[in-house]
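Structure incoming, see below.
Labels A, B, C and D are assigned to the chains in the order they are written; within every chain, residues are numbered from 1.
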């Protein structure tokens, strides 16, 4: 059997890769791609804890499903904002969207 | 090593490679397709975990809807994709450092926790996760409120996103 | 007698004995037997696919008062094999500037998305395929891979037409997935399970009598998913030439074409399974597994024939009309039908069987009638707005 | 062994067969490329510019509406599975859930965002 730690380490690596993407990509869409990876790593954790805890207690899966809904809401609003910014400023580079700068 | 472990390792390594390509590929369409590969790998992990419902929902929602939305968004902003220029910002080294720090911290936390070497309990053969989910989502003493609030959240996201993205001429 | 009832188990036991004789561990032997079984099933499907080409060509010829293929072999039966040889030895061109990996991956994924649908098809009472308890969603998940392959093909070909075709096709496929998912909830409600095998076994009365409107909506949404006329916006020969697969030639085009035909047949099969009892036909399925498979395929062919009939009869709809039809008519109707079904199901939970069937049938008819009336009055107002009062008189 | 192993095998076979067909065609077919053959096919007219076309924002709006309703219907599947044993209360919850989302659809419809401009 696969021990629980493998899943946790897998999701930790996935989370870190996503975090790296969020922190270092210049493109707004690419930043959102990184966020997707991070949300997925959370879901892996939730499913793993459900499987390795009490299986009949479904809480882990309920949380994972709520995360799906949150991810859908996040992506739809996030990408809509990117497109709106692109229309106004003609750029999707995060550094160049500096309207709030002093 | 047992067969389960080999399957897990193959899927996990493939997923992580795909995830790494997501954050390093210059061409954003390719990054979106690598994201699909990574999401598919996560779906396979769900299947290995016996979370059948999550596995198909992962494919239906993430691959069938979210990644297509990403591809459409990339297409809409493609004039400015700048596939050639640098894809990482100036302080990417700092970002890498923070990501590595997060990884080390998480692994340290996992390492120090006693429950980590736990193996999975036998999967009860009569247990139907989908109907248990159905019970949990609609019974008042469980998650009926999150269930309804999720629909409010989705409507708010729909109205907000469509309003922002709609091109008023 | 056993072999007729449950051939799969007999064959599996026989093979297991052979493999055990070779000293193979039981686990590996089971996996190998599964692999062989799946391989044989998929190979048979590909053979069926070859004949679907012939059937499609013959049927369309008859619709159009032609004869169709009739030179090679009796009734032109060998024609599809000649086509395959031609596809195999045709030079395969890749357009300049194409994204080679994605360009080659797209036809493979397109075919795969169709083949994996057969994993959940219950062929007979003893042959349930992979009896997943989420079978209904699995169909949609496989469809998601199909949508992806179309976008992949359109983008990687580096051609304006294929890109436009791919996005139109993707928009249509996405849109019609909502009514399809919604009406798939209705057999799920009746059965209390998402497993396709369980849905088949629950159909003592075919679900088409309980939910005729759901069956119609499923068929419409399935045709849109397939990208067939009247919803073939992605191909649109007269404006986009061939849409997303314009740059493909040889076997890669063959994969798209064969995938489309098998997909249509498969959805005919799913229509039969979800609403017409699958392999069930007055207890005949219990006689032999082969008879059950024959019944399922007969029903699937009827579904496929109806899809062909619609394809070769109706004209292509404009894309804005198509999407408006989905979002402003089909989706609301599907939602109303779902709510009505859930409500009636709870209301009639203790009623007798006949009352239940009658109530369900009447509620479906009622929803259909009301929605058609609403659509009619709305379209009349629309006509008045566009054409002015007089033109409407002329229409009536 | 869970039944997902067989789904995995199905995926594998579903990959092998089309790949086999394409590889066989690649092995058998003649390969004589030339620049004319490899140009993009646009009805014989010389191709102008790259394949980037003005992408309609409306596709994005439809994908967005689809995403929200997709998630919503997926939420309803566990509800539908348990509906027979849960009684009227669960039905009303589900109907409320659907009605809230129909409000979203009505909003986008009313604001004219479902029009193909």
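Rule of thumb we're sticking to: a contact is a pair of C-beta atoms (placed from the backbone, for glycine too) under 8 Å apart; a residue touches a chain by one contact, two chains touch by 3 or more.
For clarity, every value in this text was computed on a predicted model and none was experimentally measured.
Closest to the protein's overall CA centre, chain by chain, comes D.
The chain pair with the larger count of C-beta pairs in contact, out of A-B and A-D, is A-B. Centre-to-centre, using mean CA coordinates, chain A is 6 Å away from chain B. Between chain A and chain D the centroid-to-centroid distance comes to 21 Å (mean Cα coordinates, whole Å). Distance from the chain C centre to the chain D centre is 14 Å, each centre being the mean of its Cα atoms. With centres taken as mean Cα positions, chain C sits 33 Å from chain A. Multi-chain contact residues of chain C (touching two or more other chains) are listed as 27, 132, 134, 137, 167, 170, 174, 177, 192-194. Among the residues of chain B, those touching two or more other chains are numbered 48, 50, 52-53, 57, 60-61, 64-66, 68-69, 72-73, 75-76, 123, 129-131, 133, 135-137, 150, 154, 157-158, 161-162, 165, 167. Multi-chain contact residues, meaning those touching two or more other chains, occur in chain A at positions 65, 68-69, 72-73, 75-76, 79-80, 83. Taken pair by pair, the chains that touch are A-B, A-D, B-C, B-D, C-D. Looking at the complex, you find that chain C touches chain B at residues 27, 102, 132-134, 137-138, 140-141, 143-145, 147-148, 151-152, 155, 167, 170, 174, 177, 192-194.
Only residues 3, 29, 33, 36, 52-53, 56-57, 59-60, 63-65, 67-68, 71-72, 75, 128-131 of chain B touch chain C when the two sit together in their complex. Touching chain A in their complex are the following residues of chain B: 2, 4-5, 8, 12, 15-16, 19-20, 22-23, 28, 31-32, 35, 38-39, 42, 45-46, 48-51, 53-54, 57-58, 61-62, 65-66, 69-70, 73-74, 76-77, 80-82, 86-92, 94-96, 98-100, 102-103, 106-107, 110, 115-121, 123-124, 127, 129, 132-133, 135-137, 142-143, 146, 150, 153-154, 156-158, 160-162, 164-165, 167. Residues of chain D that touch chain A in their complex: 57, 60, 64, 67-68, 70-71, 74-75. Within the complex, the chain A residues that touch chain B are 1-10, 12-27, 29-30, 32-34, 36-37, 40, 43-44, 47-48, 50-52, 54-56, 58-59, 61-62, 64-66, 68-77, 79-84, 86-87, 90-95.
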